[in-house]
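In the two complexes that follow, chain A is the common piece, with chain B as its partner first and chain C second.
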Partner chain A sequence: MDDIVFYTVEIIQSIIDGVLFGSTYALIGIGFTLIFGAMHKLNMTYAAASLAGAYIGLAFFTLFDAPVMLVFLAAIVGSAGIGLIVYYICFRYIPVEDHLAALMASVGALFFIDEIVIHATNASPLTFPALFDDVMFELGPFGIRGDLLFVFAVSLISMAALWYVLYRTRLGLATRAVSQQGIAAQLCGIDIHRTNGTTFVVAGMLGGVAGSMIGASVGILSPLLTLPITIKGLIVTVIGGLGSIPGAIVAGFLVGALENVFLFVRGVNERDMYIMLLLFVFLVFRPHGIFSRRAERD
Partner chain B sequence: MLKLENLSKHFGGVRAVDDLSIEVNRGEVFGLIGPNGSGKSTIVNLICGVYTPTAGSIRLLGNEISGLTPNRRLVAGVARTFQNIRLFDDMPVWKNLWVAQNSTEDANKHNLLRRWFGGAGSDRDEIDALLEFSGLGGRGGELAGSLAFGEQRRLELARAVAAKPQLLLLDEPAAGMNFDEIKDLAKRIKGLREQDMSIILVEHIMELVMGVTDRIAVLNFGGKIAEGTPDEIQKSSVVQEAYLGKPQDVA
Partner chain C sequence: MEYYLGIAQTIGIHALLGWSAYVLLLTGQLSLAQVGFFAIGAYVSAILTTMFGFHIVPALMVGALLGGFFAMLVGFPALRVKGLMLVVATIAFTQFVSLFFFNVHWRREVDGVMAGPDSTQGFREIRFYAANGWDTLDVTLFIWLFVLLVMVGLWWLDRSRAGAVLRAVGADDLAAQSSGINLTVAKVTAMTAGGVIAGLAGGLYAHSATYVDHLTFSVLLATFAIAYPIIGGIHNVLGTLAATIFIQGILIEGLRFLGDWRNILFGLLIILVMNLKPNGIMDARTMRAIKRIFAGGKTADSK
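Moving on to the complex of A and B:
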């Protein structure tokens, strides 16, 4: 009997931690999905650029001993800048209909960014500053880590800010017009290239938040994070449905929670295998994402 | 108003438009007719900036516009509708008009930051008037993609008008319409002419073209084979040949 209680408490605790950390996956997923929605292309560099942005923030911390909030701010600006550069290198001048070229270019840029980070850090992990990491809220048998709660809150605020930009500003109107009908949008006076460029910057800012929040909750930044975060981000994007922001948010929480549950039940070695299985389940039964209707079968 | 001079567009060896010169006056409805593949749609795409010309010039109110991107051409005063409807399907009807309304108004007025991150203002009275004009009054809240075919065509016309263009390009606006809808469309086109808007009408349906245009140019193989009033065109033997072939001696 005590075993069952213990087990249940631990599972729920895993889910709580997972959902809180999953908010960063949601941000990465939103970034992928935002750019896919605007250009109908995958920007493979996105997670790497987000983490590189976090490294830029970290540089301010290590070199100038900057306050933590400034580190986060620098990460946001840095990641937005990388996003714009990636846009110009991998998307702006590649013909719209050439999806493979843009994909390959962004895969190349992914490795390029990764190599720069490895070179600059000698491939060793670096400590990333956190806020409220000594706070712990007790909720009955459960504990809520202060740093994770902070990460969660910042992520939610960023999502709200993104919602505001998308649905309450001209940029958002232009972005949605371009994603729904590129040619008609242009002939309605919208500069499609500038709109896409700005979308990359906005996505990059979101990535900077995600990157620094990942750093803050893991406590370290390491080049080894790039691949798993890229993969988790893509899984979140697929589960949420390519182009669906609400889908990416829900999928981010889902992946975060399940990852932690698998970690508790099956251990760290098997954890990611089950997450990959989850991806296949969605690809087969809900290929257009969590909020789409069931796949029609022939 | 609009002056095309020696305009050419070649796709590889195909001369879609070849050395064409046309002048459209202010407040005039100008018809472009011709058999399939005669270059009508290419001309529309050249004027609105989807294609860049191989040679020649496009002048609007005396300004050369052939080097401008499509979005700058809207600001210069060119708006269009599409042969295959291109609405923002997932936006409400009124927002489709809002997109066009915003772009012209703000393109030159505000700095980058205000333009992108400022709240998007809209003139709801004007939008309501446009919806009324299109017979879509009170439907502004519905999704554009859920409208019936004829309604979508009317909304596309309204969206083009919302940009307050000097020159309106209508690319086969009556395709797929029934008789009543065509009569309705003719009434709207005449209404727009009264607002001093110049209109280029590309159309196959002759009742519409002959009913609303002031002048017509007939194209064949990318060149102009005749130009004149609807009456003159109807009587022209060159035109009949282009459409029906040369009369053969069957005796």
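Moving on to the complex of A and C:
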């Protein structure tokens, strides 16, 4: 009996931690989805650019001993800058109908950014400053890590900020118009290239938040993080439904929670295997994602 | 000489991997699952030669067929989604296969030594070539025999009715469907053919490397597999081969003297090529230019 109680408590604890950390997956997923929604193209560089932004923030921390808040800010600005550069070298001048060329170019940019990071850090992991990592909230038998709660709160705030930008500003109106009907938007006098560039910057800012929050909750930054985060972000995007922001948020929490549960039940070697299976389950039974409508396929 | 033969082997195996993605790319689908089938071919054929004493040719055939079989299995659910969803689904498949082999432990005593995949330690001692006295030249010729076979096969496919069907699906699947082409059959067939080629390439790889582990079959390798046909262009089979030589021969081996900077330049060069030649280095225009050169400038019929 005690075993079952212990087991349940541990699983619920895993879910709590997972949901809190899953907010970073949600942010990455939103970024992929935003760019996909605007251009109907996949920007493979996104997660790498987010982490590179976190590295830029970290550089401020190690070189100038900047306060933690400034580190996060530098990460956001850095990641947005990288987003803009990636837009120009991988998407702006490649013809719209050449999906494969743009995808491949963004893969090239992924290699490029990753190698620069490896070059600059000698491929060794670096410690990332965290906030509130010594705080622990007790809730009955459960504990909530202060740093994870902070990560969660920051992620929610950035999601709210994104909602404000998308639905309450002219910029967001233009972005949504371009993503719904590019040509019609152009006929209304919206500069598509400029709007797409702005979307990359907005997504990049979210990525900077995500990158530094990943750094803050994991405690270290390493080039080895790029691939898993890219893959988790893509999975979140697909489970949530391509182009659906609420879907990406829910899927981020879902993937974060289940990942932690699998980690507890089956161990670290098998954990990701089950996440891939989860994706296949979704592809078979709900290929359009959690919220996406049927007509919005592909 | 050994060094150049080694590069030739790598180019051959990677060209096969590229063609396995090329077949599916003809139907307009981008699959990163090819490395998954490559891994299945590698493990299965290596298990057959090391643990059960098979000759390499039947072992490769079994590996290729199983690669094709799994490609078919994956093809049905995965091809329900298309485009970018398929990219993600197939990345997940490759990761899944890689993690699966990471957890496989199946050892068997052969001639007093333990052989077989040893989960985290990888699959060592795949020594068919050495045990049968094949030298590097033999192995290289053996690999390139398959490369030529596949290349001629795909060249023929491109000119056949089946190839036209695949390209029709790739150009506009709605139009193809309305002219009576069964999309699912076309796509799953292409996926299966790609799986067979990838399985074959995997078997060849495992035996010439003599060691495989789950890290070999990474998403990075899957990215390379699609990079060859995209960078080379899918105008014809030669594009993939040209891109393989360009990447493996020139960018990776040729720039080795640059040391660390090579990897940085690598990404930049891919971006540059895609910006300058969005349809691949061997696009229709390049092919016309090449034809003109070979015709000695006499035929000025090109547009």
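Note that the second predicted complex is superposed on the first by the 291 of 298 C-alpha atoms of A that agree within 3 Å, B and C clash if a C-alpha of one lies under 4 Å from a C-alpha of the other, contacts with A are read in each partner's own complex, and residues count from 1 in each chain.
FYI, a residue touches a chain if its C-beta (ideal position, glycine included) is under 8 Å from a C-beta of that chain, and two chains touch if they have at least 3 such contacts.
Given the structure is predicted, the values throughout are model-derived calculations rather than measurements.
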item: Joint occupancy of chain A by chain B and chain C, clash or fit; value: fit
item: Which of chain B and chain C A:107 touches, first, second, both or neither; value: second
item: Partner chain(s) touched by A:242 [first = chain B, second = chain C, both, neither]; value: second
item: Apex chain A: angle to the C-alpha centres of chain B and chain C, given in degrees as a multiple of 10; value: 90
item: Touched partner set for A:170, first chain B, second chain C, both or neither; value: first
item: Of chain B and chain C, the chain that contacts the larger number of chain A residues; value: C
item: Partner chain in contact with A:180 - chain B first, chain C second, else both or neither; value: first
item: Touching partner for A:188 - first (chain B), second (chain C), both, neither; value: first
item: Touching partner for A:115 - first (chain B), second (chain C), both, neither; value: second
item: Lowest inter-chain C-alpha distance for chain C and chain B in the superposed arrangement, angstrom; value: 11
item: Partner chain A, residues of chain C touching it in the complex; value: 25, 30, 77-78, 80-85, 87-89, 91-93, 95-96, 99-100, 102-103, 120, 218-220, 223, 226-227, 230-231, 260, 263-264, 266-271, 274-275, 278-279
item: Touching residues (chain side chain B, partner chain A) in the complex; value: 48-50, 69-71, 73-75, 79-80, 82, 86-91, 95, 98-100, 102-104, 106-107, 115-120, 159, 163
item: Contacting residues of chain A [partner chain C, same complex]; value: 36, 42, 89-90, 93-95, 98-105, 107-116, 118-119, 227, 231, 234-235, 237-238, 242, 269-270, 272-273, 276-277, 279-280, 283-284, 287, 297-298
item: Chain A residues within the chain B interface of the complex; value: 165, 168-171, 173-174, 176-177, 180-181, 183-192, 198
